[in-house]
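Listed next: structures, encoded as structure tokens.
Each of the next two complexes has chain A plus one more chain, namely chain B in the first and chain C in the second.
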Partner chain A sequence: MNESAVLRSPHAWALSRKRARALKGALGVLLLLFLWQASVPMVGLEPYFYPAPVDVARAFVDLCAKGILPVYIADSIGRYAVGVPLGAVLGIVAGVLIGLNRTIAEALSPLLRFLFAIVEVAWIPIFVIWFGYGFTTILLALVYVVFFPVLYNTLLGVRTAPQILVNALRSLGASRWQVLTLVILPASLPGIITGLRVGAGFAFRGLVFAEIIAAKTGIGYLIFEGAQTQQTARTIVGMILMGLMWLTIDQFYLRPIERATVQRWGLTVEAEQR
Partner chain B sequence: MLRVPLYFSLVLLVVVGVYAGARELDGRAKLRVLDPPLAQASAHYVVHLKFPPERFHLTRMQDSGRLIEVRNTAVYMMDVSPAAISGIAREYWVQSIERWPGR
Partner chain C sequence: MRMPMKMRVNLIERPPMLGAIPFIAVLAGWWLLPRVLDYPEYMLPPIATVLDLALESIRDGSLARQIGVSLLRLAAGFFAGIALAVPLGLAIALNRHVADIFRPVLSFLQSIAGIAWVPLAIIWFGVGVGSVVFVIANTIFFASIYNTVTGVQAIPTALHRAVRSHGGHGAGLLFNLILPGALAQILLGMRTSLAYGWRALVAAEMIAGTSGLGYMTMEAVQWQRTETVILGMIVIGALWMLLDRLVFTAIERRTVMRWGLLQR
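Showing the complex of A and B:
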């Protein structure tokens, strides 16, 4: 280690490490794009079967120019922005309420595990029969996808809250509300955030399925429609956008929220340090 | 810690606001040149797109009035309300709009 490296502050170290990681990530993407583009003439298939990155970029520009992409992105984000918080709130409330009572938790656990195992795709046809095509069906699919991971992890967090702290607070005369807010909820926070991140990730899967079946707009519909009309480049644009949307949400919302809540209580370590 | 989501949301809001403002100005400019001017009641219009319309654009038009005919990049519409034609005019993929006597 040279002298200048020794003199660098921990903050500067973290910054340079982040930059190095971002650079490596960018190089990985560039390498993938290069290999993909290079493989196109070797494969020698029609663009609708195996489009090149250039075709995908062209499809992206075309979709933007025709006004399709802004509407589809806005519709998908709108559905996601309503469905995920709703599912998360319901999951947290249900998880806390169920978790506070051992008998109810034990009685409902098998049923919850059973419902968790039924993927949202299986529910969508039923939702379509009940609520028709459109926003309600998509919203229900999203709420369903988010609800169970959040509920399950919240329930786990509530059930595993340190009993010694609960007892200590009770012996000091704390009310049920104080026990809940001072011990149980902070102790459940890692579980809640884990459930939220899992649910928010699953929600993209649910969104794609729901939009394929029950919508005429959205990124999921774009993926489906592109394949149906042999515009495979458009399908790939939709897939890439899905990934980018998830990365954006994770980077700018979920991770900072995780840092601001869970790590503030010192119950976990920062992901980068693991 | 929550500054990142807050700032990112603010940036998004600004971008969406600028986009909405630009759409509004663009729509007004397209309607200003209408001859005769924008009707108070439903009227007939020819909407010229910058390219031949796809299903997405035709669905959007159908939501706004009676879609009569498509000729290359021109979409002929009847019984379009002032609010609906204003909405269509705000779309940046619409080149121009003109009044149409109808059939």
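Showing the complex of A and C:
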């Protein structure tokens, strides 16, 4: 081992290990692409049945040049960015309102579980009957799938807020509003964040499905339409973009939110995963 | 995925009747609605119509058939996905460098698994059973393989060394340390992926099915037979509650909780 490696600080070590991991990860991606490209002549099928990475790259450039892709991406992001926060806010408000009364919370709990068990995918047919194919149907599906996990976990958080703190604040003369904002909401925050994470994951796939059924633009539509017109390379462009979009959302929105709230306070509670 | 302490508060300690009240209120509202508001029947058929359809389709066995078809596909896809993913995941995870190479790719593939594969599945397998089972197996496979790899990697090095220094190697190491150590993460992955798989099943049947609950529900939209749509939704919800309760709570109790890996 040479001298510089020995003298490196722990921080530098962690950094270089991180870099080594990233390099290995990149190697994995390249390996996958290479195997895929190499398998194409071996499989020997029509490009529409088994397109090569080169075909996919060409389709990507073509979709960009025609200006289709930026519009689709913007539409998908727009739908997601409206639906998920709306569902989360509604879920938090409903969860707090329901949770403040023990009897109401207990009475409503089975119905709420049942409604969440009717997955958003199953609501899409009736949304289509009620609202037709379009933005309303997609938005409702997204709001629905975020609403329930957030609501349920908020409810759980509100119901499990330490009673001793509530009593302490009350005896010091705090108002109901103060009890809510100083004890109950902070206590339910880990649950709310968990609910949001679960809902955000379901919502992303729900978005793709809703776009397949009820949209004329968006990544889901691209994936479906590409396959319908036997432009399979376009389908795969859509799938890859979908994965990249989800990793972006996860890395730059969900994880920072978790870090800023749950981890900072040392509260990690894993709530209902369904 | 983190594995923090699991906390569940028992919301079930309540008089059984209390939870029924909101259901009764919803049914009463549904019964009352056509008497108060004027809307076309296809928007929301009266309860009696849905009930008649339910009784009829139970009597002639068509509902049981659709449920059976859907559950069979779920089971087939689930077991195929796990049977492939867990051994492969273990093989990848046994070497740290190999695991580092594959993990980002697996994380990416996990994030697109499921519904997004339906259109491609139609090209590869045509409309029908093949596509549906493929999509479920695909969902379960990518989630399970990713969680197997991360589960094995999360086993503390100290335990490895302890087993090794007592002479454990080969199959002993695998069965005494690696499998039990990764099990909690694998089960957690299975549970999450089953929720995705169930959605993928319903979605795949809607787009690419020729039978099953999803097909039944979506097909009815074209004929504006809303009572079938509603019946389908109720059955989908009830089945999912049953599956989650019976299958997963039972498995967790037998394995993870017994070994004290997951606290409630």
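The rule is simple: the second predicted complex is superposed on the first by the 245 of 274 C-alpha atoms of A that agree within 3 Å, B and C clash if a C-alpha of one lies under 4 Å from a C-alpha of the other, contacts with A are read in each partner's own complex, and residues count from 1 in each chain.
Methods note: a residue touches a chain if its C-beta (ideal position, glycine included) is under 8 Å from a C-beta of that chain, and two chains touch if they have at least 3 such contacts.
Values in this document were obtained by computation on a predicted structure and should not be read as measured data.
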Touched partner set for A:I68, first chain B, second chain C, both or neither: first
Which of chain B and chain C A:R259 touches, first, second, both or neither: first
First, second, both or neither for A:K216, with chain B first and chain C second: first
Chain B versus chain C as contact partner of A:G238, first or second or both or neither: second
When both partners are placed on the shared chain, which of chain B and chain C touches more of chain A: C
Chain B versus chain C as contact partner of A:L32, first or second or both or neither: second
Which superposed partner A:E106 touches (first chain B, second chain C, both, neither): second
A:H11 touches, of chain B and chain C: first, second, both or neither? neither
Intersection of the chain A residues that touch chain B with those that touch chain C: none
Residue ranges of chain A in contact with chain C within the complex: 20-21, 24-29, 31-32, 48-49, 103, 105-111, 113-115, 117-126, 128-130, 156, 159-160, 202, 205-206, 208-209, 212-213, 220, 223-224, 226-228, 230, 232, 235-236, 238-240, 242-243, 246-247, 250, 268-274
Residues of chain B that touch chain A when the two form their complex: 1-5, 8, 19, 50-51, 54, 56-57, 59, 91-93
Complex contact set, residues of chain A against chain B: 65-68, 70-71, 216-217, 252-253, 256-257, 259-260, 264
In the complex, chain C residues that touch chain A: 2-9, 11, 14, 18-23, 26, 42-43, 97, 100-105, 107-109, 111-112, 114-120, 122-124, 188, 191-192, 195-196, 198-200, 202-203, 206-207, 214, 217-218, 220-221, 224, 226, 229-230, 232-234, 236-238, 240-241, 244
